[in-house]
Amino acid sequence: MTDPVLILLYIFVFPGFFFLFAYALFLSYLDRKIAARMQQRVGPPFWQPFADFIKMLGKEVINPDGVDVKVFDAIPLVALAAVMTAFIYVPVIGLSPVAFSGDLVVVLYLMTLPTLALFLLGWLSRNIFSAIGGIRAVTQLFIYEVPFFLALLTPAVMAGSWSISEIVVWQQHNLWLVFLQPIGFVVALIGLQAKLERTPFDIPEAETEIVAGPWTELTGRRLALMHLTSEVSLVTGSALIAALFLGGPLLPWTLSPVWLNVAAGFGLFLAKTLAVLLILSSITVATGRLRIDQLNDIGWKYIASVALVQVGIVLVINYLWVTP
Amino acid sequence: MAGPGTGISQRLVNWARIKSPWITVYNSGGCNACDIEIIACLMPRFDVERFGILVKGSPRHADILIITGHVTLKQASRLRRVWEQMPEPKYVIAVGACGASGGVFHGLYHMMDCVESALPVDVYVAGCPPRPDEIINAVVTCLDLLREDASHGGKEWRQKKPVTGMAEKSPTVES
Amino acid sequence: MPEVVVPIGPQHPALKEPVNFRVIADGEKIVRLELDLSYNHRGIEKAAEQRNFIRILPLLERVCGICSHSHSTVFAKGIEEIMGIEIPPRARYIRTIIAELERMHSHLLWLGVAAHEIGFNTLFMWTWRDREAVQDTLEEMSGNRVHYNMNEIGGVRCDLTPVQVEAALARLPNLEERIKKYMDMVNSEETLLIRFRGVGRMSKAEALKFGAVGPTARASGVDYDARRDDPYLAYAEVPWNVVTDNQGDVYGRTRVRVGELWESIQIIRFCLENLPAGPVRTDAPKNAPKGEIFSRYEAPRGELAHYIRTNGTDKAERVDIRSPTLANWTSVAMCLINQNLADLPVIVAAIDPCVSCTCRMVVVNQKGSTNKTNSPDTGVAVRDLGSRLSRRRP
Amino acid sequence: MNRPVTTEMITDRMKEFGTVEQVRKNRIRVKTVPDKLTDAITTVQAVLGFDRLISISTVDNGETFELLYHLIAPHRLIISLSIDLPRDKPVTHTVSDLLPPAGIYERQIHDLFGITFEGHPDLKKVILNEDWPDNEYPLRKDWKSDPGTFYGGINVERS
């Protein structure tokens, strides 16, 4: 897998940008369909997210006066690029060729860029609603970031390496981490739900309080790119959790022909990401929005302390297990 | 590539515009009976999300502006301002008898007389209030208008005589 | 954070109707609030003086879409009392049935919108799906889903056939089971409780002082209900009881409204089962004698009062409409002080504002500061549009 | 209230303020003079237990404006205090300090009828368009809306 053409192919075509674009739209369709079916509605047709994306591209772009247009255009692109590159390091068919030790930290860093982009958009568009939305986005970032990182770094501590691919390989020999660290799995799910700003935590984009939060002034292609960013970060987040906790795309036993092994691995990857998506969708449907100060209490009092307890348990297990 | 309306990308954009019309509802002074009928369209029984119709809060994100109720004097300028905030391929649906002629409130002192006096309307819906399926039918006729306009390159060819009172002195919204 | 003026303008997803709040917020806390309600002022009372008793009822029904039967019933009831005619018992029962069906569809609508305000869309979808059953019953009985036009001076416009009665009765058990589900959902569902409990609290003394009406007042323990104080239509003969609660906050108002939903079903079932036979309307004289009446009615949102004065012709000389939401605006303005900005839609939705009824009033609330406050309108200068169209007397 | 308040009690208590008549089973109407109004309301509130203002109704009967203050009490009786104001100088004192909801109704009446209430904290134009001319009071009997052009050039008598 070191042949540069194959790597380029890997990055751009199959598990890279093209597949990610299609899979993001598919997951967004599934998310809306599950939510609709749970509310006893029919839900959108298969091509709906694709039609939304193309329509938004075709709309007129309105620049609110007094806004630096170049920066206003650049921010959605930066956010989208960050999230897409984060997906390269997550193993999709077998281990990712560009993995290096420490790519878990890079992925986590790249995942926070969209929230900062939202804050900048809100602050730049000089509209009172988007300013308040931007501030809420950043305050929410501080609340869920610590437990989310703790929950995602404990697998690295247990597996003894900071590369996602090596964690996946480690899980082949031992149990899946979801059984070893159930609390970490739950905290990671809650953190991901908050990072994607979905219903219990969609305070920045609270549709009924501040019109559309940081999204208010976005029109045309900027809106399309920001929607795509949120959908792609849904894919990246669920793939990350699938890789770290549910054993990633590798089979415990290797099948005879290589392509069958890769295909089975890819099937596992799809199954696991869809499972994570089902959990996220049911959380969205079953809960109402929290207030920012309630989120503050719950975030720091419960979720952060539970994550610390999880870290403590992992350290104890590591100490007992490693020494023979 | 052939004319503006026939290129592959143009046909794709037209298809996308027809498949995902986003609407925003504005109650310009009516008795909010039409409002609750529009919200009833979103509900499980008349679910419009299967046509891709979403109700968006801010006019910036919407394609179709649905106006319920007649236009009171105070609403006229704000209605006009909301309409101007919408990005270009935009359409206006005036719902109910109030939208067409002021309905029961025709001729009252604190009212302008119909939505047409504030901004150009594309589709009218009869009924006081119209049933949810009639409102969905209005959105569908609006999409047919969109398909026709796409083939003629924009709305100008269909614009009938300029709206009286509006064209000769277009309101200057002080910035 | 210095004081920020947040205009929640006439066009806002949280408010289904055009009302304009100028919220002066300090960070997330609301310091002061200025409402501007006059977007919906249509001048109905002036028109009401020019219409005879047949043409006035459709106009009065369209004061507000959700409580349309209330406005026409309170007017018809007042005129019939001035004329001194007695409508047949069957007409009284049919009016009560339509009134209670309207209360059910209004409360279910409100429960959905309140859940939507806090982002809990599932309950929004469920309540409105069950509301369709009530809408079907209303459409079968009166031909229209929202404006029923059932009333006429002297009785009811169309009769209820036995088939309609059976169909309505068949729908009640399913509605009862759903409302039972909502009742324990409201009490136990954590996601609702965390946003409703302790928000916009109003004590009983405050409720009385600021003149709150309807479920908003009954949630604070005020025991006023026009159906029991001034029994009209068939409420005297139907066994029902007033639902009150002493929580005083949005949670209490939700419980009162769901309780009233339950009561409405019992009233409807009682009225449908022993619907008296007989004619549906008596012929009323064309002109009403000279007189006046202050007729009260318990609309879904609160106590609705029409002051009607007649002068012997076939037109009412003066119809003074005081709608329930108009009385609730002062109390909601007081409840909102130093609550969270995020709670504003929930508290405002808690009084179930029907802005079309309140086509009046700016309320300006003072928070201990000097009494002098004003409400500059945030609207755009209207020199161009408004001035040319405003009315000059010749 | 230790003993239930009866209509007779109310009628003899309110005799000093003006003519009292029992209109219906639980409706009492008291006709008073503007300057006696405030202490009529205070006695009604304090002694007879009327604690809530339902609404203030106004009627333009030719040469005078009639203001009716409707109050209700826990014992389910409704009292309506009515005063007459001359048409040329319709001025009376505000009651919004005694009854807070009155602040709303008085501003509306000022806008539609032109009756000024002294001492009202903020008596500004409220419900009509910003551009509504100041001395036009639509709900007065003698005010006819401008029979001018109906929008679009068709001449229609406007109610």
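By written order: A, B, C and D. Residues from 1 in each chain.
The rule is short, and it goes like this: contacts are C-beta pairs under 8 Å (C-beta built on N, C-alpha and C of every residue); 3 or more make two chains touch, one makes a residue touch a chain.
Since the structure is predicted, the reported quantities are computational estimates derived from the model, not experimental observations.
Participant: Counting C-beta pairs in contact, does B-D beat B-C or the other way around?
Facilitator: More C-beta contacts join the chains of B-C.
Participant: From the C-alpha centres, identify the chain that is farthest from subunit B.
Facilitator: It is D whose centre lies farthest from that of subunit B.
Participant: In angstrom, rounded to a whole number, how far apart do the mean CA points of subunit B and subunit D lie?
Facilitator: 42
Participant: Where the centres are mean C-alpha positions, what is the separation of subunit B from subunit C, in Å?
Facilitator: Here the centre of subunit C sits 28 Å away from the centre of subunit B.
Participant: Can you compute the centre-to-centre distance for subunit A and subunit D, using the mean CA position of each chain? Integer Å is fine.
Facilitator: 62
Participant: So how far apart, in whole Å, are subunit C and subunit D when each is placed at the average of its C-alpha atoms?
Facilitator: 23
Participant: In subunit C, which residues are in touch with two or more of the other chains?
Facilitator: Correct list: 12-13, 38, 41, 43, 46-47, 125, 129, 379, 382, 386, 389-391.
Participant: Could you say which residues in subunit D touch two or more other chains, in rising order?
Facilitator: 128-132, 138, 145, 151, 159
Participant: Can you list every residue of subunit A that touches 2 or more other chains, as numbers and ranges?
Facilitator: 39-41, 207-208, 211
Participant: Mind giving me all the chain pairs that touch?
Facilitator: A-B, A-C, B-C, B-D, C-D
Participant: Which of the residues in subunit B come into contact with subunit A in the complex?
Facilitator: Against subunit A, the touching part of subunit B is residues 12-13, 15-17, 19-20, 43-44, 47, 49-50, 52, 56-58, 60-61, 63, 85, 87-89, 175.
Participant: Touching residues of subunit C toward subunit A in the complex: what are they?
Facilitator: The contact residues of subunit C facing subunit A are 4-7, 12-14, 28, 115-122, 125-126, 129, 191-192, 194-195, 340-345.
Participant: Would you mind writing out the residues of subunit A in touch with subunit C in their complex?
Facilitator: 38-41, 128-129, 132, 199-200, 202-203, 206-209, 211, 285-294
Participant: Any idea which subunit B residues touch subunit D in the complex?
Facilitator: 72-74, 107-110, 112-114, 117, 164-165
Participant: Give the list of subunit D residues in touch with subunit C in this complex.
Facilitator: So the residues of subunit D in touch with subunit C come to 24, 26-27, 51-55, 57-61, 68, 70, 72, 74, 76, 78, 80, 99-101, 103-105, 107-108, 112, 121-122, 124, 126-133, 136, 138-139, 143-148, 151, 159.
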